[in-house]
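Chain lettering (A, B and C) follows the sequence in which the chains are written, and residue indices restart at 1 in each chain.
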Amino acid sequence: MEKKSIWKRMKDSREASLVIVLILLCAAVSIKNPAFLSLNNIEEILKNNAVTMILALGMLCVLLIGGIDISIASTLAFTGMSVGLLFKYGYMSSTLLGFVLAMAIGALCGLIIGLVIGKGKVTPIIATMGFMYIYRGMAYVVGNSQWAGADALGDFKNFALESYLGFGLINNVIMITIICYVIFFIVMKWTKFGRNIYAVGSNPEAAEISGIHVARVKIAVYTIMGLLSGLCGALATTVYASAQPDMQTGKEMDVIAACVIGGVSMSGGKGSVAGALLGALMLAVIAKALPLVGIDSLAQNTVKGVLIVAVIILNVITKRAMDKSNLERREM
Amino acid sequence: MSEYVLELKGITKIFPGVKALNQVRFQLRPGEVHALMGENGAGKSTFIKVITGVHRAEEGEMFLNGKKVEFKGPRDAQAAGIAAVYQHPTSYPDLTVTENIFMNHEMKKHGMIQWKEMNKEAQKYLDELDADFKSTAEMGTLSVAQQQMVEIAKAVSTHARIVILDEPTAALTANESEKLYHIVDKLKEDGVSIIFISHRFEDMYRLASRVTVFRDSQYIGTYDVDKITNAELIKQMVGREISDLYPKPEVKFGGEMLRIENFSRTGYFKDVSLNVRAGEIVGLTGLVGAGRTEVMEAVCGITGFNQGKVYLEGKEVHIKNPTDAGNYGIILLPEDRQKTGLILSWGLGRNVTLPILDKFTHKGFINEKEERNLAKDLLESVDTKAVTVFDPASSLSGGNQQKVVVAKALAQDNMKVVIMDEPTKGVDVGAKAEIYQIMGELAQKGYAIIMISSEMPEIIGMCDRVYVMCGGKVTGELERSVLSQELILEHAMEKSTKKEGA
Amino acid sequence: MAGKSGRTINATPENVWKKQIFSWEGILVIIFIAVIILCKILSPNYTFTNVLREMPKYLSEIFLLFPMAYILLLGEIDISVGSIVCLSATAGCLVSNAGVPFGGVVIVILLTGTICGAINGAILVKFPELPSMIVTLGTQIVFRGIAEIVLGSGGSVSLSNTDGFRMIAKKAGPFPYVFFLVIISAVIFTVISVKMKFGRSLYAIGSNRQTAFYSGIRVKKVIFTAYTVMGLFAGIAALFLTSALYGANTTTGKGFEMDAIAMAVFGGIATTGGKGRLVGGVISAFIIICLRIGLGQINMNSQLILVIIGILLICAVLLPNITGNMKLKKKAN
């Protein structure tokens, strides 16, 4: 089989161009401020953005099947609060149990959403909007206007400070992020389930005719999204050493933005794990870099928003140019 | 072993409001190529979907090798060794050819998909079919013919014993069709039984040993291909002699209404010039993808064009969008009634009046009573089979939907030029005749008519003059007196035959 | 003019009062009555005047409902309106504090909103390939981001001169001025949607954009207008919100877009476009407001109220799908 030239591959692949942009960005910032690429700083960036990076994986799947989920931050808060309060009132002290429980609650939350969308045939944006209210409200209700601070969390908060999962070298939180990415990379590329997700998003009717249970795939995807939200609920609690009912409000938009910047299509079927990662990293680096290059951190959101709009418009323009050149090549 | 690999008896399938299949039967012998013929809307595609388990029949039985089977879904049919290549490729445009071929029967080891082996295996199938693309190519970048080949490779890869091909040659050139014939021959040699749906008689003669005809959702008969004449077969398909189908009136032509000159749009058509006079019916034909629809859509401002001029009654006009076209009196009846012609969820009345809301809007308010009565008159004038103007458009048959589209055009009383894109596609025979009738009447009233059509008989039956397009160019202009199927085909295939010669 | 076959088609509408009662709007009226009775039982303070007194703080959100309903009818969505409210309110407060007279302040607020809406509309019309969800997600972040920049590190601004704002917050008898404006807007938007060409165009585009375009409806113009009006009404909402809060901060209007969408969807307007009526949206808005006031009076946790509204919303969209499925099954049998 002929090998495509590396250059051509780069040009074709969105991921490659993202990598280049990311490298250039990092280089530019570190010239201005050499501390940027220090190990400490990198660890800091990764740790603080672990939640976005992990949620981007779930959102990738959701967007791939042509859906959307804006309830994830609420699920995250609900699970974070549930776990935090269990620690606070001493019902639980095991860190492991905390994570397992958070993931279980999250998966259950996601399963319910999946059933409403997959079986009840409700449009994803509306279903997840409803559950955004419900789960966020439940985060407040379980807390009964209490919250769990650092003192209440006991050992759990130390998880984010230690690195026993990373063999003493890599912070636990970062290690979990890496594990998630490895699992998803394998699942999305090498398992039938992963490929079915792509198939459902690419052409749902054809998927049904091919014998794929479309409703089941949808339910599974939203359950996974919930599970990851639960995981992130626990992670956010340990990273910030507190669980509050209003934690991570609006996170869903960051996560969707990361995916879109990473080239995941909102209409389904297109997108990759690497893209989701790069999109999330891009947002993280920009957020960290702005103050370093002298732009007020207040402008962070504006830059992020402009970036999203610019990226999607750029996509359309390049697509149009490509279509046009294809047409010109067509023989008459 | 029973005489038939597949036998269906008394199959009835009902869609809301329509009986798509009515007590249909079918028998397939082992190793034969069996053609399934019938007009659009005769129920062939629905029948195929019943066999493949996509639809479940309300009544009837199905036997596989003499054993009664009941498919609950496409999975069951696949497991039983039935594979189908549908009319519209059911592919995944974002995925690679390999994945399309192996969708839902991937090669796995320890639960992991074996990409290397799968790519290799897929390439093997493609090579067998003489494909000119790689298995790692993305499906969306392939041509329709190439995608069709992938679909066939997919059927082969499941080791199906029964393969169904639904109009596989519709979008293919002569050269590509020949390739497909070889593939079918090869399958046949391997003992695969094949059901072949096609509108082309040449396909049937070249491949099939027996042919079954459906008409109006019913089974008409099964014949040996070498024992039935062409005329006889058409009679079975259409249900009557074909000559009385085209009530073409003699009309004295008026002055030139529409003329387009040197019309070009990059990648779609080039240097197209044509004209139509008042009272004239001009045909625009050619193979699918020749650029016929694209030219007319550009004329009506639906898409842009790069160069060329449009004249209406001798004066140059600039049309930027469909609203302009409507204001000039150039009305397009689009090919796809469901997607661009009608709003299916709306009542008939509102569909008809959509382009002429200003007519009964007084001081900004729509007078609904006036609207309803106007719609009623228009719908009655084309003899629509409906109870009230509130009936949703989706409840009508294809032919009656087409009448509503005609009524919608008639509503625009500044109309001068009518462009009908495949006006009888998916329309049953009875309604077809009525549509031709209306077309004739419109010509008599002095409208200029352009009919885009792929169906030779209606082109020959209805048109005063015919433009033939091929590969985005007009390759012939034929007067009614010289029209013949052969002549049209010759012009329609000009390019592809030339290419083969070279 | 009967056809050749002499077949006639009926054009007189049936007497439809039965249909009206069993329509979603009919059900909503019943729910509305049930909510009021429920609140009356729960809270002794639930009187007409009390409810009206508490209403203004919820009413500004209703201004967003009307144009949002239009946008949903088009099959589009706008999740940037909360940010537009924030930016408009911020702009208004800042110019007011800079000494601009109240008339000028009003113009600045409305103009800011309108321009933001027009930007959304322009992007969507220029790049029809883009889903409105993602475009307005981007502008949502940008609009609030700009407000964050101009508000600076404090993140909030208070009005130094509240005279003008106090004036528009006044009442005529028990009714606040804003109440009348809401009712007038509701009537205008409803009438346009059912009686005028623009309204018909909305439904046509939302039901089948291609057919509408082929039929000569100016699709781009309608979409642009809808988004611009959305911006203008976000400005109006900002005006009344400011008159209640006497200031603005970076979280002003957060979540308003979701509330407006929820009201519309609960009112039977489908996000897929072309389906639903404004009347339903208006009734559902008042259901939600009256419920909030009632549950607020018995000191129910405001977050628990959100849970209830969320559950109501999910049930409202699930119900027609489930009954629809059952009907189909019946038909099949």
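We adopt the following convention: contacts are C-beta pairs under 8 Å (C-beta built on N, C-alpha and C of every residue); 3 or more make two chains touch, one makes a residue touch a chain.
For clarity, every value in this text was computed on a predicted model and none was experimentally measured.
Peer 1: Select the chain at the greatest separation from chain C, using centres from the mean of Cα atoms.
Peer 2: B
Peer 1: What chain pair has the highest count of contacting C-beta pairs?
Peer 2: Ranked by C-beta contact count, first place goes to A-C.
Peer 1: Quick check: how many Å separate the C-alpha centres of chain A and chain C?
Peer 2: 30
Peer 1: Taking each chain's centre as the mean position of its Cα atoms, how many Å separate chain A from chain B?
Peer 2: Spacing between the chain centres: roughly 44 Å.
Peer 1: Note which residues of chain A are touching chain B in the complex, please.
Peer 2: 1, 186, 189-192, 195-196, 198-199, 201-203, 205-212, 269-270, 324, 326-328, 330-332
Peer 1: Over in the complex, which chain A residues touch chain C? Could you list them?
Peer 2: 68, 116, 120-123, 125-127, 129-134, 136-141, 145, 245, 250, 253, 256-257, 260, 266-267, 296, 298-306, 308-309, 312-313, 316, 319
Peer 1: Applying the document's contact rule, which stretches of chain C touch chain A when the two form their complex?
Peer 2: Its residues touching chain A are 77, 123, 127, 129-131, 133-135, 137-146, 148-149, 152-153, 254, 258, 261-262, 265, 270-272, 301, 303-307, 309-311, 313-314, 317-318, 321-322.
Peer 1: Any idea which chain B residues touch chain A in the complex?
Peer 2: 52, 54, 73-75, 78, 86, 90-95, 99, 103-104, 106, 108, 111-113, 115, 123, 134, 136, 266-270, 471-473
Peer 1: Mind pulling up the chain C residues that touch chain B in the complex?
Peer 2: Interface residues on chain C, with respect to chain B: 1-5, 7-13, 195-197, 200-201, 204, 207-208, 210-218, 274-275, 331.
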